[in-house]
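Labels run A, B, C and D following the written order; every chain starts at residue 1.
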Amino acid sequence: MVDEKEKIVSEDMGVQVDKKEDIEMRSFGTIKRWATKRSLWMVHYCTGCGGIELAPLMTSRYDMERFGMHPMVTPRQSDLLLITGYVNIKTLKRIIRTYEQMPDPKYVVAFGSCPINGGPYWDSHVTINHLDKYLPVDIYIAGCMPRPQSIVKAFDDLMDMIQEGKADGYLRYKKYYDKYKANQEKIFRKWW
Amino acid sequence: MSEQDFVERMAKFPGSEVKLLRKGQIAMKVPADKGHEAAEYLKKMGFTHLVAIEYVDWIKDNEFELVYNLFSYSSKMRVFLKVRISRDNPEYITFMDLWPVAMTHEREAHEMMGIKFKGNPNLTPFILEDWKEIPPMRKDFDSRKFVKEKYDSIPFVEDEP
Amino acid sequence: MDYTAFIRPEYVLMLLFAGALITYFAGKYSSMARYSLSLLFSGLALLMVALLYGKNTLSVWTPSITPNGISMYVGTNPLTWFFAIILASLSFLTIMYSIPIMKGKRMENWFYTLTLLLMGSMLGVVFSSDLLSFFIFWEMMTLSSYLLVTLAGKRSDKAALNYMILSTMGAYSMLTGITMLYVHFGTTEFSLLSAQIPGTPVNFLWLSLGLVAVGFLVKSAALPFYVWAAPAYSEAPDGFTPLFSGALSKLGAYGLFLFMYVIVGMSALIGMGSFRGVSSFGYAIALLGSITAFIATLYAIREDDIKRLLAYSSVSQVGYILMGLGIGTSLSVAGSLYHALNHALFKTVLFMGAGAIIQLTGTRKMSEMGGLATRMPITFLTMLISIFSLAAIPMTSGFGSKWLIYEAAINKGFVFIAPLAFVASVGSFLYSFRLLQAVFLGQLPDGLKDAKDPSLLVTIPMIALTSITVLFAIVPGVPLGAIASAESYMGIQPIQVDSLFYFRIGNSFGAYNALVVMTILLFAMLVAMIMFAFAGSKSKKVDQHDTYLSGEIYEHHSDLGLHYAANFYRPIERMFEPYLRLRLERTYDAFGRGYELLSEGIRRVYSGDVQTYVYYVIGFLGMLIILAGWWW
Amino acid sequence: MSITDIVAIIGMAVFVPLLGLLFMGIARKITARIQNRIGPPFYQQYIDVMKLFSKRSNISHSWVFDIGPIFAVVGMLTTMLFIPMGGFQLLSFDGDLIVIMYLMVISGLGIALGAGASGNPNSGIGVMRALVLMMSYELPFVLILLSVMLYYNTTSLAEIVSKQADMAWAVLALPLSAIVADICLQGQFGEKPFDQPIAPAEVATGPMVEYGGKYLGMLMLWHAIAIIVEGSLFVNLFLGGGIVFDPSTYVGMALNFLVWIGLVFLMFFIALLINAVMPRYRIDQAFAFYWKWPTILAIIALIYVMVVSSW
């Protein structure tokens, strides 16, 4: 059981972020944002049926490496987490653990309709309906498994948001850390 | 051995109703107490592979139906051995002595439908984690209400003003 | 009263032997007396040996019982002083180190007496200037080290027996060699002997030198005789192993230096047959040394027991010393002497660290330890630098000696020795990292949460020796000065040291400027640290279990063994398994069984009933008659 | 150590990582083109390094974990200073080939220490693979070094380069040695089929599993310098150090420098082509491979040199 005292996530996570948030956004200069935008490394962790969509993205037809995106194996090295399909309770635990092991700034992109409102599994007893209650999501991609073109468009939008500093999912996670943790506790009666 | 020969041989089993569903698939309904013998009989006929144990909730007849999905490699035939047990105290004997794989299927049936299998040592929780409500696959389990009460009750994060 | 008169080798020996006796009786009463006395005697002896620097003394003592013409000579010269200072300082530091390690162990009182006795006999071997006293002290050393190994109780008896059998075999062959020399030349004193050597027949020299060399090869655990080394080094008590493998293994090399270069002399050695400008006798030893280095490294890579790994590592490093010694050019002999010094330094620290860790964790299996780096920083740092020196990383003195040996080997164009030794050196890097990873890095097991650095008595010797290793890397001129004088005493063209601060062997062949390498490394380290500290945001410490386990949390799968240490080099082992089956121990076992069968056969001759004896007599007489008839 | 020396050292210490990153960027472009896709811009590696250094949070396990990347970069930078690069001799007269071989071990040791301290089993296995691979390609590589040293009768790399100016280039004089050295170069670069230590699928990028943010940036710089160092070691040994025009005039020096860059990229390009199409050996197969054919060829080359040099 993960008790409050032994936090997996760093101590300063829980602190009130307002003041810190402004500083972070301003001091996170344009060059750094440009660099982060142009070299997004994604965690190679396909949580649902959308994982297969990544194959055409990485190969010759859509080739997301043009934007500098590269699949990395460990969360420590990456800054983009793709939730590619329906999320049930067990997968959510691993997703949260992976998300917390990723260094800031980190972004979450949710594929398909399942993370938005549960999709076809809206009344299943194990599927999470609104991913945003447990994890800050920067971009949703509609479609019950979106086509590669829409995924490339989503990545493009994400890059623009990063450039303008609007992709602040990781800051929201810090700001409302207790709320997110409370929601997560409600779902898993026993963390493990 | 064509389907007709199979149907006749199965019909010879006392108390069995046999129906040829379509090419290569036969349904055989057997009373509950004769289920194990029927299974042995079919296994000797060549149905060596227990594909799955399916479970159906006939809530109106207050009965559970266990369907043993058997397949024979030699003759490429599939047979559904159907058995009906009462819904009040759902209990049945295990088929592990014929097919060891039955343990997992029975474990799932126990968790999802609440059917106890005498003789199965491992009827522990299988897929669901610390599940307190009634087995979810039963028809009287209202998943819509469960989802509303468990998931929809959780507030969105930035709701407050 | 002029104290300097007492600074003579025989007084050092007397001091130590008397000290051993006094410590035994004092130790009976109070342990404090035992510790302080043994420290006092060894410290005093070390001081006296240090003051002997540069003195060339020779004093004779003719005991009445020896036959005419034989008397015992004891003296010092640059070569003996070089080895004496290593032996004395290591003994003193090992005694200091062993006080907390041997506390409460079995027969502790005997340990200190025997160590002082061993120190005395080792210095005796080094100081003696004639064959008789050399052999007497050699035997005393073997006996006292044998007794010290048996102190570790039941487990060590078999290892000690192996050691004893092989040592006595070596001693007998040495004794025959010595008597051949005495009978042929009529004298035992080294200088008189070396004066008469030039004209002697070559095959006599080959035989006598060969026999003597067998004794020394056994002691330095060269290829055919390395069987005793690993068990003896590892089963010996933890307090004695640093001295055993750090200092004692050098005496084999000292003996070879003495007989090959001081007594026989370089010219006579070349006269015994040369191969590309190098004495073939020396080349044989160099070949043996490099093969030992290679094979011992392969054995060391497979070991999971910390002491056995270091034991095989000692065998392989002494192989390097033999290699340098055999080649015989000024570069290689300097390299060999320098490596003897380096090996004494870093191997002692490694064994001291191993002893401290075994005392802390209670086990010798490396796979049951882990993550001690942050808990035992001093032990970790000292062992880290020593392992740098073992793996010949340029910022430690270990590199200097190996560089000299390679330089000499390549200069002479030995295409078999040089690559074998080089790959063995890379192998030494492999097994030394296995030690680091298994003991200090990786996951800290729960049992060792409260591990902390050993007591001051253990850390002071380790820090002292490690600082010397680093000091000699910065100022290699100091040890090379002593080595150059030792070389000139041995009649070899000494290595020219440009200045105290760095040695730049400027010959056209190759160059190594220690000062430049060290300054660049330190400067680059400084720049990189500053750059790293200010680049990006500061980093945050994370618990050891918070690693990437593909989404799992360690606390709820604590049966997961996260410490990767057991079977560390499984791929290499799987490669060499078929070849390692034919280990040398099996040949020795086969030899032992054959010997038993032979003696069994002979025993059956005495069957005990009289008739067979009568038949023997008749048969013998008949044979005589036939022979007599045949001759006429 | 005149002022120009110091300026040259600092200049090269800055220029080589940038050159290495440029090579890695071009490498990703070429691999992409081989796979029939457009691939990232050639300056992608600079962006990656900039992003890594601009990460807002970095994690560390212990001070040994921090020392790892620093040790790696320091070791490789020091090795670079002892290798003649194009016209620049830097410190190559103060340390010969043996010193260089041992200096390269420092960076390997640094990464091994840091990775070990991360406490992740993946990094332990990755480090074991890296060390086993290093031991495997050292045997043929040392035999080749020996053959070159005996042929030019010196252990100093700078001497070898200057001797190659008048005698024939070693690649023409000792073709067999050059081939074996190129096979070993494949292992040193860590390109497929010899990239077991950082195999993403099997051991989650091996030693780098716990490194992120600025640590990974340092390791990327290390890899960039390593490419240039190992490439120029080969170029100095076999391709005359790139000295084609007479180095006395400034124009000659500049052209030599460009030729040197071209040659180093050529060697990296060959390794790259093999990397783009080859799968990965198992680690004991790689060990067996290096200790069988390359070693036999190296011994033949050595015998050839012994025969030639004894005339």
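Some observations on this one:
FYI, a residue touches a chain if its C-beta (ideal position, glycine included) is under 8 Å from a C-beta of that chain, and two chains touch if they have at least 3 such contacts.
A quick note: this is a predicted structure, and the numbers were derived from the prediction, not measured.
In this assembly, the chain whose C-alpha centre lies farthest from chain A is C. Of all the chains shown, the one with its CA centroid nearest the global CA centroid is D. By number of C-beta pairs in contact, the leading pair of chains is C-D. Centre-to-centre spacing of chain A and chain D amounts to 37 Å, using the average Cα coordinate of each chain. Our note on geometry: chain A versus chain C, Cα centroid distance of 60 Å, whole angstroms. Averaging Cα coordinates per chain places chain A and chain B 40 Å apart. Taken residue by residue, chain A touches two or more other chains at 10, 74, 76, whereas all remaining positions touch fewer. For chain D, residues touching at least two other chains, in rising order: 54-59, 204, 209-210, 213.
Residue positions 540, 546, 548 of chain C are each in touch with at least two other chains.
Taken chain by chain, the contacts fit none of the simple shapes, being neither an open path, a ring, a star, nor a full set of pairwise contacts. Chain pairs that touch, as defined above: A-B, A-C, A-D, C-D.
Those residues of chain C lying in contact with chain D across their complex are 371, 373-374, 384, 388, 391-395, 399, 403, 406-407, 410, 413, 415, 418-419, 422-423, 426-427, 429-430, 433, 436-437, 440-443, 504, 508-513, 516-517, 520-521, 524-525, 528-529, 532, 535-542, 544-548, 561-565, 568-569, 571-572, 574-575. Across the interface of their complex, chain C is touched by residues 2, 6, 8, 10, 45, 74-76, 93-95, 97-98, 101, 191-192 of chain A. On the side of chain A, the complex with chain B involves touching residues 89-90, 122-126, 128-130, 132-133, 136, 172, 176, 179-180, 183, 186-190.
The touching residues of chain D, when paired with chain C in their complex, are 13, 52-64, 66, 69-71, 73-74, 77-78, 81, 91, 93-99, 101-103, 105-106, 109, 112-113, 116-122, 124-125, 127-129, 131-132, 134-135, 138-139, 142-143, 146, 149-150, 153-156, 159, 204, 209-210, 213-215, 217-218, 282-284, 287-288, 302, 306. On the chain D side of its complex with chain A, the touching residues are 28, 32, 35-41, 44, 47-48, 50-51, 54-59, 200-201, 204-205, 208-213, 216.
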